[in-house]
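Look at the two complexes coming up: subunit A is in both, with subunit B in one and subunit C in the other.
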Partner chain A sequence: MIFQRFFRKRINAKIGALLLSFFIIAALIGTIATPYDPVLMDIRARLKPPSSEHWFGTDQFGRDILSRLLVGARESLTISFMSVLCALGLGVTIGAASGYRGGSFDRGTMAVLDAVMAFPGLLLALGIIAVAGPGKWGVVTALGLAYTPGITRVVRSTVLSLREREFIDASRALGNSDTFTLLRHVVPNCMTPVIVMGTSLFATALLSESALAFLGLGVPPPNPTWGGMLAESKQFASTAIWIAIFPGVAISLTLLGTNLFGDALRDHLDPRMNGQ
Partner chain B sequence: MMPMSLRVARPDPAEKARPIIGVDALSISLRNRFGETRSIVNAVDVSVHSGEIRAIVGESGSGKTMLARSLVKLLPPGMEITDGRIEFAGSDLTAANETTMRSIRGRGIGFVFQEPMLSLNPALRIGDQMAEGLRLHLNLSKEEIRERSLAMLHRVRLKDPEAALEAYPHEFSGGMRQRIMLASVLMLEPKLLIADEPTTALDAVIQRDVLDIMVELTRDLGTALLLITHDLGLVGQYANTVSVMRKGEVVEQGHVSDVISRPREEYTRNLLTACPKRRPRSIREQSTPVLEIDKVTLLYAGKKRWPFSASTGVRAVSDVSFDVRPGETVSVVGESGSGKTSLGRVILGLRAATEGQVRFRGKPVDPNDRVSMRQMRRSLQVVFQDPGSSLDPRMRVKDLVAEGLRHVEGLDAKEKLARVLTSVADVGLDENFLNRFPHELSGGQRQRVAIARAIVMRPELIVLDEPVSALDVTIQAQVLDLLDELQRRYGFAYLFVSHDLGVVEQVSDRVVVMYRGRIVEMGSRDQLFDHPQHPYTRRLLAASAEIQQQTDGSFTIRRRSPQEAAPPPGQSFYDGAGSYDLMPATDGHLVAVTRNEA
Partner chain C sequence: MLSYSLRRLALALPTLLLAGILVFALMRLVPGDPALMFVGDVDDPEAVIRKRAELGLDRSLIEQFLLWSGSILSGDLGTSVKTGSPVATEIAESFPVTAQIVLIATFLSSIIAIPLGMIAAWKQNSSLDVGIVGFTTFCLSIPSFWMAVILLTMFGVNLGWLPTVGYVSMTENLLEGALYLIMPVTALLFTELATLTRMSRASTIDVLRLDYITHARAKGLGERTVLWKHAFPNAFAPTLTVLGLLLGHLLGGVVVLETMFSLPGMGRLMIGAIFARDYPVVQGVLLFIVMLYVVINLAVDLLYPAFDPRVKL
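Now for the complex of A and B:
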């Protein structure tokens, strides 16, 4: 089986998959039920350290941190996932069309994308949110657009080299149209680097979401995201360190999981690394 | 007997007792990530004596390259020597550490690789690159280094050695680069030179020049030569002794004259019989051509210096005309850059001709007319050179073969599958292959799939673009037989594009020789191979070896030595300058002559 082959003798794949599935399950639990209402404020129970009642303690408004983390997992993971998906969709489409068509169309798109890439990703996201307005989908759009040029570049260069391969000529010689050739033969063959890049972008998106929240441009309160929770904790970090630690650990472990998994995936998809 | 021209000055190697390098029961295995090992070379004994040229011949996967690399301990990761001894100049190399090996590489054992395009560093001047080895191994002054480099470049017959020292690799052609490589390796006067397929990437004429220089130089310097090759023709012409390798083992070794003319082993015999040779071809009636190529010129637009200025284009194909009749095989031969592949692309409608016209079944081939192109492509198919590249790696065999049937109307899934099954059976594969991916197939099987994809449409003409040049000799022979059989069964016409004269001689009815985008000679196969007219055709023929099986079952390898031919009275053969005409030498045999402007 393909999965056995992937996991065999790859400790990073195992750890990565374990961490990721742990947080995905957490996010699923967060959608179904949480110990407390994640937005319910309880002034009497504010800034309580971890106890048997509140496992991860409470924040400055007396909200249960575990509940907020579970719901936040859903929000944060969805935002990261959706923005990567958005970047992949746009990037693959533009990159494939641009690389395959070539000529002035290619030069035009690449010039525009180069201009976009000249802005740091976060700065660009800031600008887009300013236009699109804050909120979950605003963040998704902003991050998605900010990551598109990178994906486009990778896809385009892969397509450029694929275009010289003979099976593309072979497809045209069979009488296939350009669109068919592109969809059937070109795009599937450039997915390997795209998938690998997608996993690493997922980690970046998670981090950027936190950064945006930290700047107050993420999902507006009281809805929890990991980044938002971390941002809110900054005034209380000296007295109630648990408010900062738990979301921080959640973010770090997810990053670690994604990176390990991405590394293993890259090794697996690189034919030279497949032990024969 | 073989001509001995190149071998006369060699002392008999058997008389010298102590070999320069002796390999004793050497085994090499590959270890993968899971710790599993696979044997690559198994208990091989090979020795090379001073002044000897030993060839190691074998097909891909025979372990010949790994054996060669193990001698300088430059094995790729995962490969390791598991057993045996390598004795070089009295010391055991298998036990030598990296420091010792570094002093031996270059100075003791020189190594020339296959791909001259990759083995020279593009960022360094030739002079600096040549100096590297000298500086490392010998204590010489700057002037001495320069002097020696110049002398060596002279000896490999580079045109302007002074300028070459200051030039970068990209300013030289493949053949010149391989000469430079040879010069820089032999400059250190190693005791042994290992050449791993040194000329495989080069054109036939250039290949011969480089090998002649290599043999001459090693003889003068007293360097022993270990020549790794897949080409029995080369072995017959250049080597004294030969080891035939198969699946990691030496199956037969000895003097070339013994091994080639009286092979004892079945495998050696198979290798020799698999070499292409002329076969009788039935002569067909004259009928309406299926493909007419009418004064086709293809210009690749170059860069424009300034906006609105005329671009400096490259004429890939220049005023070429010939035709192909149903059921016949016409070959287009020429070296790289002769325009044969560009012409193939024009015929397939993958590129538009700049001038002239290609007509298929009387209708013009025009890439811009999509509707008629789509119909035409059902009857006009192609098989490319490298099946590893021409098959989509993500599709299964059945989908690959069925793909063209999308454009045949009125076929339901059942009928499609039936057509696919027939085609796959036609190319000698069975149903078990239908669900495999290209990477699960061998090179020969992949090319069979590519052929099945072409014939599933029942075309009238198939363009075969170097269809066997990526394959081993024995596989090549099988694929050529298959093509021949399919032609007889279905009556396809073939346009066979190739640089390999041996293969062309076996398959063609008629041959077109191209040189720098122009036709220099064209005629029936026998006319062209027996009475070549144009000097270029003669050069091409002279560069290829001919392997013949005698009536008593023995084999001979000889260089072709075509006779001089005189141009038609009052004319001179076209030499690449000015315009040209094709003049008949004999009936149906045309040769290019310079047009008399007066």
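Now for the complex of A and C:
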């Protein structure tokens, strides 16, 4: 019912959902089985153009690009998803507590978050990785922490406006504890902006994850990631363009799907941007 | 004006102080002994103890922080472990390269994106608007480093029109220097273009919905006058704020492109430092960027009243 209303007349929601489900299925396939071993090198088959044997061709070590893309989908999507989840968990907790408590606790938290936000996201992530070390968990920690302030601010401002509403007073008057009121009544009501922001953040996270992998700070080779595949393609792209095309298209289409879906979600949940 | 400026300045200081504390704390989290890093793999406990005393590592954390901030305020960002030269000098050498790319890309995208967003807003929900918004979504989906790989392959290697890697300062040789910048700037341009167009569109839509626009139309002014004289000046101010925020993020985004095109900018300096575990350089770049970011946004806020007279001083 809700879904029907969301998708009807929204071509971007349809395309977005289609693209996203396509890549999620690809990631699932990558988890279960791939046509070839994604890290198996075969020097005889190096830099082969797309054929019936290797649909997307092979790279400079003769590894099957399709298999690497499927496994890369799993890595890229889970890392981005986990870092967004990390930011959401931290952001909602801090934001709700800060907005609900108010006072000097709130002022202090906001001052610290302002300072964190003064660092450009990717740069802060780089700084954290410099300390935490590269790799899957380093990237999740770095991106999660870098995105937390944004979520916190949105949650806090929503909680601030909710706090003055009658149903919150009613919950208090019934003798409910602050924690109960917060969890049962305040937090569920600030989920709309959180979902919208989380969706657009997923695109940012995917982009940053690819950028970090591209720089060689993500999942270490030979494990495939989309960004890492692009980085390796640089030297061979002039003779074997397919090495650069396919991972790039994969990143772009996932970003496109997320952006389209996110825009549709925002229009749906926040009618102000509808323009009607 | 003066009191507004002072108030805004007073707000920026705690942010800088807290950001400084954050960087300090982050660097203390680094596993291992910094003194050992300077001394290297020599088996000489005496030297390590001497280095520890020299770096002030034998004092309390508060004392260390005060000493640290004191030296930073006097412009001493420490020495690079890798090259042994002062971090401040390395940053001063690499910053102009980064600034050049970011400023050129920002300038080019502003002159395209701001009018484009305004036109889209003016023709809201028309096919032109849908087309422009579609174009921005498309641009947002192309990572700058992918664009860079494609540009490099096409124009650098296959066609051979542009130099692929390296850098020549524009002050030394204007034309050649510009040639080296074409591809990095183009790669950076698209995402920036998309963000700015969207912002410009959103703020123009907000303004066009206000009563004074209806009034201007009702009193019979031509659509062109309404747009240029009434709507656009007011829609410009929020876009300016975003431009300030965007500049900071571009400084982050340019990191990948500098590595890609081997440009001796700050991003490459930082990446090199991360791989070499050269923490003084990482710390220096972080501090420099955060200061720059706060100063840029301060400047935008101070300029704001000039563009938006509604902001009372």
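The criterion applied here is as follows: the second predicted complex is superposed on the first by the 270 of 276 C-alpha atoms of A that agree within 3 Å, B and C clash if a C-alpha of one lies under 4 Å from a C-alpha of the other, contacts with A are read in each partner's own complex, and residues count from 1 in each chain.
In the analysis below, a residue touches a chain if its C-beta (ideal position, glycine included) is under 8 Å from a C-beta of that chain, and two chains touch if they have at least 3 such contacts.
The structure presented is a predicted model; accordingly, all values stated were derived computationally and were not measured.
Peer 1: Which of the two partners, first being subunit B and second being subunit C, lies in contact with A:233: first, second, both, or neither?
Peer 2: A:233 contacts subunit C only, not subunit B.
Peer 1: Look at A:241 in the shared chain and tell me whether it touches subunit B only, subunit C only, both, or neither; answer first, second, both or neither.
Peer 2: After superposing on A, A:241 lies in contact with subunit C but is clear of subunit B.
Peer 1: What is the contact status of A:118 with respect to subunit B (first) and subunit C (second): first, second, both, or neither?
Peer 2: Second partner only, subunit C.
Peer 1: Tell me which partner A:260 touches in the superposition: subunit B (first), subunit C (second), both or neither.
Peer 2: It touches subunit C, and subunit B stays clear.
Peer 1: Applying the document's definition of touch, where does A:185 land relative to subunit B and subunit C: first, second, both, or neither?
Peer 2: Only subunit B is touched by A:185; subunit C is not.
Peer 1: Could you figure out whether subunit B or subunit C reaches more residues of subunit A?
Peer 2: Larger number of subunit A residues touched: C.
Peer 1: Can you list the residues of subunit A that meet both subunit B and subunit C?
Peer 2: On subunit A, the overlap between the subunit B and subunit C contacts is residues 273, 275-276.
Peer 1: Which residues of subunit A touch subunit C once you look at their complex with the stated criterion?
Peer 2: These residues of subunit A touch subunit C: 12, 111-112, 114-116, 118-124, 126-131, 203, 207, 210-211, 214-217, 227, 230-231, 233-234, 237-238, 241, 244, 247-248, 251-253, 255-256, 259-260, 263, 273, 275-276.
Peer 1: Name, in rising order, each residue of subunit A that touches subunit B in their complex.
Peer 2: Per the touch definition, subunit A meets subunit B at residues 8-9, 165-167, 169-177, 184-185, 188-189, 273, 275-276.
Peer 1: Once bound in the complex, which stretches of subunit C touch subunit A?
Peer 2: Those in contact with subunit A are residues 14-19, 21-23, 26-27, 29-30, 124-125, 137-138, 140-143, 145-146, 149-150, 152-153, 157-158, 202, 205, 248-253, 255-256, 259-260, 270-271, 273-275, 277, 279, 282, 285-286, 289-290, 293-294.
Peer 1: Within the complex, which stretch of subunit B touches subunit A?
Peer 2: Touch residues, subunit B against subunit A: 30, 32-34, 36, 38, 345, 348-350, 370, 373-374, 377-378, 381-382, 384-386, 389-394, 403-404, 406-407, 450, 453, 457.
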